[in-house]
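Below you'll find the structures, each written out as structure tokens.
One chain, chain A, links the two complexes that follow: it is found with chain B in the first and with chain C in the second.
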Partner chain A sequence: MLAFFIRRTLYSIPVLLVGSFLVFAMVSATFDPTDDLRGPRGGNVDAAEIERVIQAERERTGTDRPLVEQYASWIGGAVRLDFGDSWETRDTVGSRLWRAFGNTLQLIGWGILISAVLSVAIGVYSAVRQYTISDYLLTGLSYIGIAMPPFWFALLASQFMIFTLPNLLGTDKFLFISGLHSPGKSGIFNLDYLQHLVLPVATLTVQIIASWSRFQRASMLEVLSSDYVRTARAKGVPRRQVLYRHALRNALIPLVTVMAIDIGLLFGGLIITEQIFSIPGMGRLFIGSLLDGDNPVVAAYVLLTAVFIVIFNLIADFMYSVLDPRIRLS
Partner chain B sequence: MIRQRKRSLRLVAGALTLALVAAACGGDDDDPKEGDGDTTTTAAAEVPEGGELVIGAEQQPDCMAWILSCAGSSWGYWSANVHTMPRVFDTVKEGDAWVAKASALVTAEPELDLSDPAKPVVTYSINPDAVWNDETPVSCDDFEFTWRAVAEGDDVYDPTGYTDIESVDCPDPQTAVVTFSKVYSGWKQLFGGGYGIHPAHLLDGKDMEAEMASGYSFSAGPWVIESWEKDVEWTLVPNENYWGEDTAKLDKVIFRLQADTSAQFTAFKAGEVSVIYPQPQIDAVEQIEAGIEGAKSEYSANTGNLEALWINNAAFPFEDVAVRQAFAYSINRDAIVEALFGPLGVERPMHTLNPPILSEFADTEAWAGYTQDLDTVNELMEGAGWARNDDGFWEKDGKQADVEIKSTLGNRRREVTVTELISQLGESGFNVTFNPQDAGALFGEQGPAGDFQVALYAQVLTFITTGQCNLFCAKNIPSEANDNAGQNWTRTDIPELDEALEALDATLDEEEQARLGKQADAIQAENMISLPLDPLPNILLWSDTVVGPVSDNPVLGPFANLSQWGLAA
Partner chain C sequence: MTAVIEDPIVTSAKPRSQWLLFRRRFVRHIAAMIGLGTLTLLVVVCFAADLWVFYDPKLTSILEAGEGPSMAHWFGTDDNGRDYLTRIAYAGQLSLRIGFAVAFISTFVGASLGSIAGWFGGWVDELITRVVDLFLIVPAIVFLAVIGRKISEAEAFLWWDLGDEFLFYTIDRDTPIIFALAMFGWMQVARVTRAQVLSLKEKEFVEAARAAGASSTRIIVRHILPNCVGVLMVNLTLSIAGAIVAESTLSFLGLGVQEPQTSWGKMIADAKGFIGTEKVFMLYFPGLMLLLVVLSVNFIGDGLRDAFDPRSKQE
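On to the complex of A and B.
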């Protein structure tokens, strides 16, 4: 198994290198750190002085050097986890990523936990009650959830939970739309945090639950129709025991694989949720840096996201073998 | 000195705000307009003390080292610089006009002494009461340090003007004598402007970036930066040692970053933030039109911005003035402006290429004659030897009047504008296409290189200083002679205009500046060098719980008098 992981890791290195170079090159071709110094301006400015400043900025950011040289310098630092400095804020890229990662991790942690519990429950329930009204209802809701754009859900949910529902109940609003805390507050074990978390986590999870519950239902149905489950029932094993000890464990295998892959993607994919709810996570950092043309941050973000995807793919393979001992990684 | 709403310049390419200066826009566009609420303000004496105010900010400062190239963000200036860094000149409203007036930092209005025209001198008499929050007096050393830091720094946002200073002498700590090497007409924006005056005793010999980029604790203004949690919020608290009259009434002001406009409005409606200052994009205008309960609002069009169709006078088919004029007569600018900003009370287009705050120095009716008139279009084009081809477009010498309009990517308002332009210009025989560009490519490459026919973007002026020679004098057309650094991207080349603009730059007499400015406007309009388009009002919304003289300042920003604001009990 160790050889498998080492080999997969080695295989992923050229993929990451090629991918990161392409991203670096494309972002470099698209954005110029001196853009902010250019642009139309009125008034009495000294154009020659502005040009001098622009040249100095090129030297400072290293963009006066050939692209390959810039990339070599950047990737050399990246392997030592030194991603350089943000062109826009002058902070280290590492510190910006770390702050953003912490916030995204909170969303993903809660989102995955809730999604996993609910999707397994829904999937099992639907499978066990296949072709009943409740199954059809849950199936229909799942399709709606899958089809519904997260930003649309976020706007509807915000409107309903923040304005409509409190009005109907005649209460003050009990949820917040901005950030993870109210100004001046912090911590994750308090009501304020929970009130801020509900809407973004709901936005994040609705599509995931819809999707995963379908996987779980299909997987559970397949297992329930397998010979060993029939045999267990024929031998008089209690239904609950058959379902949860024999069927569910095996039915979780495909879902766990999908979950691991999706988690890797989520680290880079919460752009909409974070933007709408003003959460300073990885997605918002990415979109902000992209719009600002902050190449070091964008390149580091993409590399980091790719690394997460590779890691979670490896975890998926590993989990697969753990959950099904018949599978051996080689 | 220019600061930018960065995302707007990149995605949205700049805010436009046009001059509804009284005459230009007729009516009261400069006055506060009602949204759902009213704009009643509370006299300063009645403003209660205490409380925490949360303001929704669509951008955060990239950094707070104001003179460095990382500090070009408007929001950084509005929310932190203005409240902590001392400056010589304030921008205040006198009647309908915004003017530069000496601040309380100096005891007398500084004036340019031209006894020796080759070496103009300005003497600043510093208020002896003015101190930093560590009680060190603001002194001449601070002026000298600021000058050297800007003029000699390697990483400075814009050293314009400071490099024209020959020396800063200190006959005593409270007097700074600044000697210029030549006349610099924008001298009033020095030792203020986007930078402010920096404390020598704290920064001399230090790394400015390390000391200030992530925030700083010194202040000679009414507020001190208490904290900056990047990407989340930054907080101001009162300066306990503030020496001026307008001491802060609130206990704390928190600027909370909310980049998404819809989320910003939702947070405002939900009471999570009490003040917002959104860009006048279509979705913001729509939200306002729909109504916001409990909100007061001010829509101000008297700003330093101007959006126009900038025409490359050297590019086919616009090298012929008749074509440029026909182009202008093809467009119903009134309808465009009404459609975009009617709900904000802005209904008239701009008729000058000067921004609204320079209306005193502009002929604000210069372009008023250019209204949609298809007969005149036909007359002009046919007179210039053009004829309609089978497709209905103008053609001359086998070349069709194809026009490509460039603008910045991702700006829905501009997309709507160009869509309407394509329709109007198509009717009058111009085959128009839209080619949106990344802002960096448009402003960094295509503009200077003249690689455009027509470009739609906004010019932004952030200090009341006249002068357009850098934009329209022939000597400033990017060329090897000026190291390709000229900003006359429209390739305007009119000797008569050069003469007026150069004379304007050379004089400090404001009446003469006004006369020359109006003369330049008339020449520009006659030659239709570009087409001023639409005024874009600034939008300030605040909850009715916020009291005090809340209003927008076109130079110092919407929070300029934040120290006079309070929260209703």
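On to the complex of A and C.
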């Protein structure tokens, strides 16, 4: 088994290398830092002067070298977590990403925790109550949750929680839609933080909870109809104990793998969530840099996302074989 | 004396083809039928917009700007006084066209690559599998955002220089978006098709065809692919939903459809500033359309899956 994981890990390295080259080439191809220097301009500017400025800009950004050479020095730095200098600010890419990482980590952490807890709870509940009204209701909600574009959900939820509901109740706003803290506040164990966190985390998780809970329901139903559960019931093990000790533990195995793979979705969802709720995390930094043409930041973000996803896929494989010894890896 | 006993089961049995059985199961799937009805209605209403709209989609009217739904304007008017229902219909043409085109292209590409990989095996399989892995290491939306900044500048994108027509296809402003979305939508289909082909090629009827001297192409086209139709159709419907949502997300971020064109995603983006004002209804309608389309398509997909493979039916 150890050999399998060593091989899988080694296999991810060429995939990441080729992938990172394509990413780098793509990012370079979609934005040329000297583009806006070439545009039409008023007045009589010396053509040679423009050429000189363009050349200086090329040297500053390193785009005067061949693509392969640029890539080689970029990836050489990247493995030491040095992603070069940002083109737009006088900062290194690493420090900008690092500052944003804290906020992103909070969103992802709460996101995973809440989606895992809620989807297991919902899945088990509707499996146990199969074909009751509450099961149908939850199933219907999950269909809507899967189909609803997260950004639309975010805007609807903002309208409802910030304006409609407080107006109806005649109270103050009890949730906020900008950033993670009110000005001058910090820390994660206070009401203010919670008030800021609810809507972004809901946006990030709504689709995931909907699909995970469906998955958990299906796998729970399959386990509940299995022979060993019937045996346990027949020999008189209390219902609650059968549910949690025998059924749930086995029904969690498929979900755990799906979870590890779907973490990738969270990284995609971050872009939308951070953009809508003005949270200065990595997703917002990515979109901002994309629009500003700050290629080093863009490339670094895409590379980091890829690395995270590869790692979580490895974890998925690992979990699968550890949790279910019947699965032999080859 | 011998009595002829008629067996009611034997005599009433007519030959039933697989296709007939499939159709019957699909038609009995209530959710799928509702989905199909809704989707057909939306498609007809949007694409027949020229026939029924009362307003010019571009006609602005400052005096009527931002009015809520009324008898004259069922969905109200936008902040430039354009009739919102008309805008929704024309935006729907674009959203739906992109969704369908992307789904067909990506399913075609995925099915081709998947069946080639599964059928030939060896280094071809190895290569295609690696390429699939490559495309899957980053969430599509991240890639699309990067490509999107080029698309949103429109004109000078890749095949743009080929002129107005490329093969049999007229190139529109939204062609680059379709290809970009298709580029990141084929991997799942390829994986599923490959797995399907791998199991099919061990079947006896394939062996028989090969023994009879059929070529690889013939076996793939005549024997393998028809048996993949179920899986492919399910994937096709689901990727319509995926593509429409992906397009709307890109347009929402400002990296997709650009003025003067509009899609449902772009309409939501344009309406996001009206949260907390009385013009907030502008946010509701395009999102509702997206939700309806995706729900219908998902239900159709469920119906197809249950109809093609009754064993897989989710309880």
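Please note the rule applied: the second predicted complex is superposed on the first by the 305 of 330 C-alpha atoms of A that agree within 3 Å, B and C clash if a C-alpha of one lies under 4 Å from a C-alpha of the other, contacts with A are read in each partner's own complex, and residues count from 1 in each chain.
Just so we're on the same page, a residue touches a chain if its C-beta (ideal position, glycine included) is under 8 Å from a C-beta of that chain, and two chains touch if they have at least 3 such contacts.
Computed from a predicted structure; not experimentally measured.
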Partner chain in contact with A:93 - chain B first, chain C second, else both or neither: neither
First, second, both or neither for A:124, with chain B first and chain C second: neither
Touching partner for A:221 - first (chain B), second (chain C), both, neither: second
Contacts of A:252 with chain B and chain C, given as first, second, both or neither: neither
Which superposed partner A:56 touches (first chain B, second chain C, both, neither): first
Touched partner set for A:316, first chain B, second chain C, both or neither: neither
Which superposed partner A:291 touches (first chain B, second chain C, both, neither): both
Partner chain in contact with A:34 - chain B first, chain C second, else both or neither: first
Touching partner for A:155 - first (chain B), second (chain C), both, neither: both
Those residues of chain A which chain B touches in one complex and chain C touches in the other: 30-31, 155, 158-159, 162-163, 275-276, 291
Residue ranges of chain C touching chain A (in the complex, touch as defined): 130, 133-134, 136-143, 145-147, 149-150, 241, 245, 248-249, 252-255, 265, 268, 271-272, 275-276, 280, 283-284, 287, 290-291, 294-295, 298-299, 314-315
Residues of chain A that touch chain C when the two form their complex: 15-16, 18-19, 22-23, 26-27, 29-31, 130, 143-144, 146-149, 151-152, 155-156, 158-159, 162-163, 218, 221, 264-265, 267-268, 271-272, 275-276, 286-287, 290-291, 298, 301-302, 305-306, 309-310
Sites on chain A touched by chain B in the complex: 30-32, 34-51, 53, 56-57, 60, 87-91, 96, 99-100, 155, 158-159, 162-163, 173, 176-179, 182-184, 275-278, 280, 284-285, 288, 291-293
Chain B to chain A touching residues, read off their complex: 1-2, 4, 6-7, 9-11, 14, 52, 54, 56, 62-63, 65, 68-70, 72, 154-161, 163, 184-186, 209, 213-214, 230-233, 235, 254, 256-260, 262-263, 266-267, 269-273, 304, 306, 310, 354-355, 438-440, 443-444, 447, 457-463, 465-468, 470-471, 476, 482-487, 489, 505
